Amino acid sequence: MHKQRALRNDLVNSDPHISEFRRILLALYARKAVLVAISLILVFLLIAVLAPLLTPYDPYQQELSQVLLHSSWKHPLGTDLLGRDVLSRIIYGTRVSFWVGIVSVGIATIIGMTLGLIAGYYGRIINMVIMRVIDALMSIPTIVLALAIASALGGGIRNVMISLGISLVPTYCRLMCSQVLSVKETDYVMAGRILGGTDLHIMLRHVLPNCFPPLIVLVTLNLGLAILNEAALSFLGVGISPPGAAWGSMVNDGYRYLNTHPVLSFAPGLCIMLLVLSFNLAGDGLRDALDPRLRGMVE
Amino acid sequence: MASYIFRRLIYTLLILLLVSVIAFMILHLIPGDPVIAMLGPEATQEQINNLRQELWLEKPLPVQYFHWLSNALQGDFGLSILYREEVMPLVFQRLIVTLHLGLLAFILSTILAIPAGVISALRRGGYLDSLITLFANLGVSVPVFWLGILMIYLFGLKLGLLPIFGYASPFEDFWLSIRKSIMPVSCLAVVPIASVARQTRSSMLEVIGQDYIRTAWAKGLGERVVVLEHALRNALIPIVTLQGMLVRIIVGGAALTETVFNIPGMGSLIVQGVFQRDYVLVQGCIIVIALAVALANLLVDISYGWLDPRIRYD
Amino acid sequence: MVHLLEVRDLTTQFKTYRGLVRAVDGVSFHIDESEIVGIVGESGCGKSVTQLSVMQLIPTPPGKIVKGEVIFEGTDLLKLNPKGAEMRSIRGGKIGIIFQEPMTSLNPVLTLRRQLTEMLLVHRSMGKKEARKHAIKQLGLVGIPEPEKRIDDYPHQFSGGMRQRVMIAMALSCNPRLLIADEPTTALDVTTQAQVLELMRDIVKRFKAALIIVTHNLGVIARYAQRLYVMYAGRIVESGPSKVIFHTPRHPYTVGLLKSIPRLDESTERELVPITGTPPNLVNMPPTCAFLPRCPYHTDKCEHEPWPELRQVGYQHFISCYVDVR
């Protein structure tokens, strides 16, 4: 019989402690496409913020003697029908896209989450009413809805943001509502009730943290969608008014000169696609990284 | 089953009602006087007042709404301010055009995207998967109107292959119809194809990781049987859900595509209607769209019962 | 001596973002006709992965069988193409496997008839009518009441225990030579457990098949298995006749396991002693014995020498340890 010895705890090959945040970063890093996407978003954002420093010309400055020039060293993308430098207008268009995207998604998040919280929390009738309204909103195509609201309010960038925000509300509402409903019946909420916390307090403490992963994914994807829809609206003529530079309206302006100056339409449209693509890739990457089932797996 | 359908019909009617209320409210926020738009700037005050009376514009909003509703229930959706015609026949005429193009886009999305998504899922990480995924991602990111313009430039102006504008009914001139519809349909189909492909891929990936697929492999079954008969049937449920949502996606895309290609469909009708403040017309259009969406959802729900036996026995 | 199945030095690893995991690290075992062999160990010790490796069911992007031979009826299965016709005919046709989770291991959208007969159509080239009759008989064999009526039902219409029986029927339908049962009773309640195990033993005897039972439940093994392999951290640490191992376990891990469960043949005053510490993290394991941090019998040699190979300590009794606990 051998003597019992002390245990060698120092030889324990314990689990290297990786915090949740770091794990997500690692998962994101593993997917090259996502890294490229996020970098591209940051580049665009930088361009938007530093726009005044980057543009060689004033994007609103009309120079009627320099109308419709082709690409040259002075004007890398040429000039438009009013002699404005296209490159500068595209750079300023970045601002519009980001601004509209962020504000409208922000509006949608706040309104949608609040509605969802109310719907889930108060249940029964209020739930039914809110969800039916949401269903009705979802029966109308996003562009049509946004177009109708924006026109009704009179056009202009502020109203575009409001209308896009409203049209994006449904997904947030449903997300929040389902989260609230699933948490409402769990044991720890009931325990909390017994221990005396107010319902609302419990809800917020337990529901909100659970919401963050899908919420972040939704916000990222919706930013892309908002930018796409904003471009569609400004293409149709709603949104930023004439001197302003928005990518969608630039595509529309260039449409007339498609035969001779295709760049006028191509360039802004390409930017739209790249930025939206980046948001979509980033959103997908986040979704995969945050998915608990894919934990530990390398692609 | 019968009671289920009945309940769904009631629900659909409720939604339609809500949609009409929402549309009504939105459209009546429009500033600018539709009456002046109709009569022109030379109209006298008396003419204006008469027309306003006739259109009930003096009455409070709820009354106006109920007036509209009671007429609508009898099939009278009013007169379009812009076209001076009955709304419904006008809408249906345009609807057929959009239906023609939209249906083609939908069919394309089903027969192209689902196999693409399946292949992508099976050959995960390979070249084919990367290629398909790239195109799918591009497809959901591309602005539809820009794509249309690109196509017009490439195939219409530069290569001269296809006619650029307009629409031809297949019943009048079949070949011209095909040539005129290739670009718009392709444009319209890009987003549906891309999103269905993405959904199919992720759905299949999820199903393939399930225990019952492992059991199928363990039984020594071949790849085709496991994928098509064991996996795909389970993966179809979220895909079919997405297909139900394609109706509103396609109509939204149609609004842009028809504007770019100058096609007289529902999409361009709505756009014109909104800009011209023709609220009567837009109201009618939105109702029709909502009806189509509701119908699509009903079909989707019924197909759930067919796809998933657990739902049948509920 | 030629065994029905002989596994030699099987090594399977998985790539994870944390590093390389050797789930199966040089495992060797064998089984003959009409034998019941048990493979025992904690969760994560590699026993299930071993069986999946035998069947070549390891998902290959993260996983890979890097070494070893799996000789079944004379053929090395690892040399066959996993998706090829020969391997496919062995899976299901010659080797049947029953998985742990009856609730999720059956396809929810296909009828039982479909799931039971497809193997027969593929492996035995039966006609549809004949296959259906055979399937009904199988269901009856495993104790499903009114099989003719229930064969057209769907999995969700059955309870967990019933589903496990259906899985057994499925695994047996082509009369395989070898049956692998991976935690067959873990998801079942106690009475059903006993029934299912009796059923398996009965069938094995009747069809002269071989049975590998993979489990962490020592009680199950004690009753049914003739020979036993104890696994820890991807390796076999002790092997031998089950009665011998239960009576005189020689590896510190096995000793610890047996001390931690209650036994009817002991006085009730004996304390249940759990094994201290936690199962090892399999990423980038050191070359020394994996049980070392938890082992009350370790010597200096254990700290410096690599994990030892199996050595014989009795008739058919092997342990992988420098210390022989007696």
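Order of writing sets the labels: A, B and C. Residues in every chain begin at 1.
Here is the rule we go by: a residue touches a chain if its C-beta (ideal position, glycine included) is under 8 Å from a C-beta of that chain, and two chains touch if they have at least 3 such contacts.
Just so it is clear, the structure is predicted and the values come from calculations on it, not from any experiment.
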Ranked by contact pairs, first place goes to A-B
Taking each chain's C-alpha mean as its centre, the one farthest from chain A = C
Comparing each chain's Cα average against the average over all protein Cα atoms, the nearest is chain A
When centres are defined as mean Cα positions, the distance from chain A to chain C in whole Å is 49
Cα centroid separation between chain B and chain C, in whole Å?
-> 53
Between chain A and chain B, what is the separation of their C-alpha centroids in Å?
-> 23
Mark out which residues of chain C touch at least two other chains, giving numbers and ranges.
-> 61
The positions of chain B in contact with two or more other chains are 125
At least two other chains touched by the same residue of chain A: list those residues.
-> 299
Can you check the complex and tell me which residues of chain C touch chain B?
-> 55, 57, 61, 83, 87-93, 97, 99, 101, 104-110, 118-119, 122-123, 154, 156-157, 167, 170
Chain A to chain B touching residues, read off their complex | 132-133, 135-144, 147-149, 151-154, 224, 228, 231-232, 235-237, 248, 251, 255, 258-259, 262, 265-266, 269, 272-273, 276-277, 280-281, 284, 299
Of all residues in chain B, which touch chain A in the complex?
-> 14-15, 18-19, 22-23, 26-31, 125, 137-138, 140-146, 149-150, 152-153, 157, 248-249, 251-252, 255-256, 259-260, 270-271, 274-275, 277, 282, 286, 289-290, 293-294
What residues of chain B sit close enough to touch chain C in their complex?
-> 124-125, 210-223, 225, 229-230, 233-234, 307-310, 313
